[in-house]
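Per-chain residue numbering starts at 1, and chain names A, B, C and D are given in the order in which the chains are listed.
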Amino acid sequence: DTSAKKIALSNNYAGNSWRQAMLTSWGKVTGEAVKAGTVAAADPFTTAENQATEQAAQIQNMILQGYDAIVLNAASPTALNGAVKEACDAGITVVSFDGIVTEPCAWRIAVNFKEMGRSEVEYLSKKLPEGGNLLEIRGLAGVFVDDEISAGIHDGVKQYPQFKVVGSVHGDWAQDVAQKAVAGILPSLPDIVGVVTQGGDGYGAAQAIAATDRKMPTIIMGNREDELKWWKEQKDGKGYETMSVSIAPGVSTLAFWVAQQILDGKEVKKDLVVPFLRIDQDNLETNLANTQAGGVANVEYTQADAIKVIESAK
Amino acid sequence: MTPVLRLFSKPWIWSWLAALTVWFLTIMVTLGASTLGLSQAALTFAAFSVIVGLGQMFVITLGPGNIDLSVPATMTLAGTVALKLMNVENGMILPGLLIAIVLGLAVGLGNYALIKALRIPPIIATLSMSFIVQSAAIWTNRGLRIKPPGMLAEFTTSNTLGVPNVAIVALLISLFAWFLLEKTIYGRWISAIGQSMPAARMAGIPVDGTRFVTYLFCAVLASLAGYLLACFSGGAALNMGSEYLLMSIAVVVIGGTAVAGGDSNVPGIWGASLFMFLVVSMLNTYGVGAGIRLIMTGLIIISVIMLAGGRRAGMR
Amino acid sequence: MDEVLKAVIAVDGAKVSFGAVRALDGVTLRVMPGECVGLVGHNGAGKSTIVSVINGGLTPHEGSVASDGERLERYGINAARARGVRCVFQELSLCPNLSIVENTRIMHRHLGGFGWRRRAAGIIEKSLDAVFPGHGIDSGRAVGDLSIAERQMVEISMAFSDAGVAPRLVILDEPTSSLDASLARQMLDHVRRFVAAGGSVIFISHILHEILETSDRIVVMKDGRVVAERPADGFDHHGLVEAMGTVAKKETAQRSTRDQSTAPLILSHQTKGLPFTARKGEIIALAGLAGHGQTELLLALHAAQSSNWLPERDPLVTFVAGDRRLNGVFELWSILRNFSIASLGDLTRRGLILANDEETKGADWKRRIEIRTPDMANRILSLSGGNQQKVLFARALATRAPIVLMDDPMRGVDVGTKQEVYAIIREEAAHGRTFIWYSTEMDEVRLCDRVYVFREGRITAELAGDAVNETNIIAASFEGVAA
Amino acid sequence: MTFRLSSDALRLAIPALSLTLLLAAVFWLQPRAMSYVGLNLLFNLAVPIALATIAQMLVMAVNDLDLSMGTFVSFVACVTATFLRDAPLTGILILAGAIAIYAGLGVVIHLRNLPSIVVTLGMSFVWGGLAVLLLPAPGGQAPDWVRWLMTVKPPLAPMAIVASIAIAAVAHLLVMRSSLGVLIRGIGGNQRSVERAGWSIVAARAGAYGLAGLFAVLAGIALVGLTTSADANIALRYTLLSIAGVILGGGEFIGGRVSPVGAVIGALTLTLAGSFLSFLRISPDWQIGAQGAILIVVLALRLMLNRLEKREKRR
């Protein structure tokens, strides 16, 4: 019985649509859970500046506030370890997701970002067996997710040597930054057949390329509604083909249920994996229809889903 | 003084030289094939830096300590609210623009109220303000990316006679700013205030009024840039302004405007904005990693300021 | 050459120029142990510059400095201090953010080491007690919290203090400007005691009786040269003035005895002391010791009459700054822009500056008050200080404001220029302009129709007509009661 | 009225009062914080901020401003989590070199009369780049002695409080009591008169910057001790935090008026303000805005008390 337990969400950043969708999903799902009496509280907290130090302070405050579990999307996989350890020592269950932490006492709901990067190249190798030049758009320098996905992409290129990354820019997971960076490097690039991305940057790249007279390469998308919509337009008009992959913001709700299960006394393995949410040519329309205008393709999880994930990990 | 020497005594020449050098180095990679594409891209993206940079320049001209850190948040708020209001309808383009400007005015008013009424140093006042504005942006539409009206999207992304439309807009605003600075009494006033606030007061200049208008102007330019950028990049994002915090300051100081105030120049903003875009493009083109790119950017900024020479009585 | 051997400091044929300005043009000066040398001269005569040479802050371009018969090749601040040369500068030169003890630490480089605070406090307190018995200044207080007089007292005591290297030559550059009579007396007495004990003093002052009664020998400077040098009893007040070559004396003596009491009232202001009023066409002096609230009144008048928020079409007041650097010139600008800034409202149409009108007006005023420059587009700093001051006058006079506030504007202005400006002021007043003029110079005060005397931030006396004379003003500024 | 507060004491009274008020509010909202562990949790992340604030204060004491504080602390954190652990000697050399560069900046800024804002803005890119080169992805690990130092549990008062008091005391001795401190503040107050007394301004400014570098290095090390590992962006917000801390602590941008004890209190206040907000449970939309609001409120308090001080003085 967890009806007296209090869970907190520690979130490091709220400045993009993905995070906003994540917070919305959290609010929706946990709101119902609180109303149903499953847990006593599920309060979300967000820091102002996407900084590990600030988030560490936030976690320490949660310890003081007496939460029973902290669900955590971390600014850094390692820099919060000190605070997380303190929380564990205080008897608090810590479940990290998306931005996971390496501290052994915490649970991790991880996305295999490396695999995500690799799968992008794999998809391209199926679509363009003859290979060609790729442009890579990276995320924010110095952040772990950026490094992971990029490593995956380069692994993929090693696996499919017909591809070659001829340019790499940092798009900071933002359409406008990506657009600017791509527009800057594009004039000096040879023909490119594909753009491998990290999410939140595909539409920007498309915009930058559309502004030139180049042929539109295959741009891997990142599940944002504007990306999907653009893809739909291109698909309807010119039969454009690509795929879209990202982690669903609703994973916060999965983390919530996992935390609830742990509080309930369930035996849960420390490392759980969630699949990323992939959209392909054939299920584009359904996904687009389910995505809020301006939002991100999303999946929200139920308690049953969580139990299934926990069971399958055993 | 020969014309060449006179040219070299202009404070803005260094940013232009730096931009040209970097531009040349970049197009040489493709032996000139990328000239047109690179130039167009540079003009396009420099335009946004120019618009926010101009506003920041007016504020910095007001003298030591004057700076507006609320630029990014203002851009975000103006972009998100305007796009939400326009809701992809071409008929709403003007109301959207209007609301962006009104928001800019409101932020500027808030900034100066904090500075004047609560005597908070501008650097902290505008920072605090930016948090509030950022929250307002989150609250209004929770980060949804709404598309701009078709006409506007078309306008911001296309060229006229090979020149990007946004660059033309920025040029017009620059001309207006230049005109304000050089030809109007207001320009004289801000320059005087920047050189010495007590002297300006004793010369009968309405110091508070002028400073207030300047903070308004900066915020309005930021909101205008936010509006254009949101339309250009196909939707407003909550983080779309963050890049422009350091950028708006960097283009001003690299452009040769005196950090100690009182002396501003418009051409330098263009040189510096082009340079800031081109240097990233160049380093990307040469495949330099993020670390080296940052280091080189920093070293170049320091070299430009060393070349341009320290200023007398250059406070800070 | 026996003299040179004994001299604490001997400067020989020192020449210093700042750009085109010859600040020192071959000055020879010797200071013997046990004597007080009085140094007088008009503004800009070079007194402060020779002081800088002696204290090592300035290396003369020609000439030499010797001490105790030894020619010093590498003379600098530290060499001077090691020889016991101390200086009280004309402008206050303590750090306002530090306490008196900490300032003592800064002044005495070798005071360091454990427990320096106690030692520094001991040193400065001893010196304060010696120079100004019964001073009542706590050495732990921050200098910024002290009154101007207290700061000057601290600075003087600092120069006489002994922290290992005993002071041998103390240079006092206008040290009494903010001290009242009794404090000045205390200081002068201490100078005599110090000299009697074998120390040397160079004493610079514009208050001639102080010089006459305190010095053993008086040196008169003019335009960067020593023009007279005699034992003090060889001078009397009149002789000294003559030696300084002050032409001003004769001209300014002629005071216009206009009676303005019937002119319409144009401004009145409630102050802490007597009420302040001004009439059309009056020239009103604000007198009293320096820093007793005159500038504050001017600032208050200006603030009360001008808006900080909206531009004014017809301002009532305009201001001529005395402290050019602080609130006068705009250093980055040309002469023309500096001139036109206050009257720009008249030179614009709908906010647009009419460049031609601006230039015409500039050229007009350049001629009228003879600003000596080939081109009004030159930078303001290319002008000599006196000419900069003229630009500030022109700036104020070119406005349509009926009241001109002047904050000791003749500071550092040479005699010739002064006469020109006096004439302009008289002429403008005759045309109905009102001048409110803070001045530290008695000659200027006597030019005015009416005088308000200040003491400790309040107006303590109002003098008009024949009552405007030196005795009355001095009496009022020291006693704080109307004469 | 013979009793008179010195302006220095009043300068301190204001931040101390705001801290007390805030602390009272936090205790009221969250009584659990009123304990050994609670205080440590509230304040331990303030320790590196306090060190960085002292560093910024030293630069501000000579009328300059350091915009590279955040990236520099991040860089130091990266060095600490990598070299200082794996090759202590190299690590120490790198950090010493970084301090030397700081001192060098002071010299260059003085000799070439450059605006410190621009130079440090440029340096912020340089430090950021170096940090990214050092740790392209977050990682590294705190040296054990650092970790021990930051988690040790002294008797009576928690580490965070002890460390804050120690920092305040050392900085106070250094800046307010020592000769070097007097010299540095003297430059801020009246550079000309310090020069005339025969001091070398270049050396003193180099000293101020060097000391600032030293404190910033300590901040980076302390930070890693708390977080156990580093990343290139770990302390970016320290730039503005440190400036705000100095101002909250009663310091001023010019005139050499600074207060080390105030600066530490300012850093504690800023940290506490964050906790206060999270105890208030504001809606996530407005959590960021509330941080701005609280900055404004605390600074407005400062203004109110400043007015009081002025009235006191006039009396």
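As a convention for this text, contacts are C-beta pairs under 8 Å (C-beta built on N, C-alpha and C of every residue); 3 or more make two chains touch, one makes a residue touch a chain.
Keep in mind that what you see is a predicted model, and the values were worked out from it rather than measured.
Chemist: Between C-D and B-D, which chain pair is linked by more C-beta pairs in contact?
Modeler: The greater number of contacts lies at B-D.
Chemist: By mean C-alpha position, what chain is farthest away from subunit A?
Modeler: C
Chemist: Roughly how many whole angstrom separate the Cα centroids of subunit C and subunit D?
Modeler: 42
Chemist: In whole angstrom, what separates the CA-based centres of subunit B and subunit D?
Modeler: Distance between chain centres, rounded to whole Å: 30 Å.
Chemist: Cα centroid separation between subunit A and subunit D, in whole Å?
Modeler: A distance of 35 Å separates the two centres.
Chemist: Taking each chain's centre as the mean position of its Cα atoms, how many Å separate subunit A from subunit C?
Modeler: 71
Chemist: Can you list the residues of subunit B that touch 2 or more other chains?
Modeler: Subunit B, residues with two or more chain partners: 131, 134, 138, 142, 290-291, 294, 312.
Chemist: Of all residues in subunit D, which are in touch with two or more distinct other chains?
Modeler: Residues 131-132, 136, 287-288, 291 of subunit D touch two or more partner chains.
Chemist: What chain pairs are in touch here?
Modeler: A-B, A-D, B-C, B-D, C-D
Chemist: Which residues of subunit B touch subunit D in the complex?
Modeler: 64-65, 69, 114, 118-121, 123-125, 127-136, 138-139, 142, 246, 249-250, 253, 259-260, 289-302, 305-306, 309-312, 314-316
Chemist: Within their complex, state which residues of subunit D touch subunit A.
Modeler: For this pair, the touching residues of subunit D are 30, 32-33, 37-38, 41-42, 44-45, 48-49, 131-132, 135-141, 150-151, 223, 226-238, 271, 274-275, 278-279, 281, 284, 287-288, 291.
Chemist: State the interface residues of subunit C toward subunit D in the complex, per the touch definition above.
Modeler: So the residues of subunit C touching subunit D come out as 55, 57, 76-78, 81, 87, 89, 93-98, 102-103, 105-109, 111-112, 116-117, 140-142, 144-145.
Chemist: Quick one: in the complex, what on subunit A touches subunit B?
Modeler: Residues 14-17, 19-21, 23-24, 48, 141-142, 167-170, 172, 174-177, 179-181, 183-188, 203-204, 207-208, 210-212, 224-226, 229, 292-295 of subunit A touch subunit B in their complex.
Chemist: Would you pull the subunit B residues touching subunit A in the complex into a rising list?
Modeler: 26-27, 29-30, 33-38, 40-42, 44-45, 131, 134, 138, 141-147, 157, 229, 232-235, 237-240, 242-243, 277-278, 280-281, 284-285, 287, 290-291, 294
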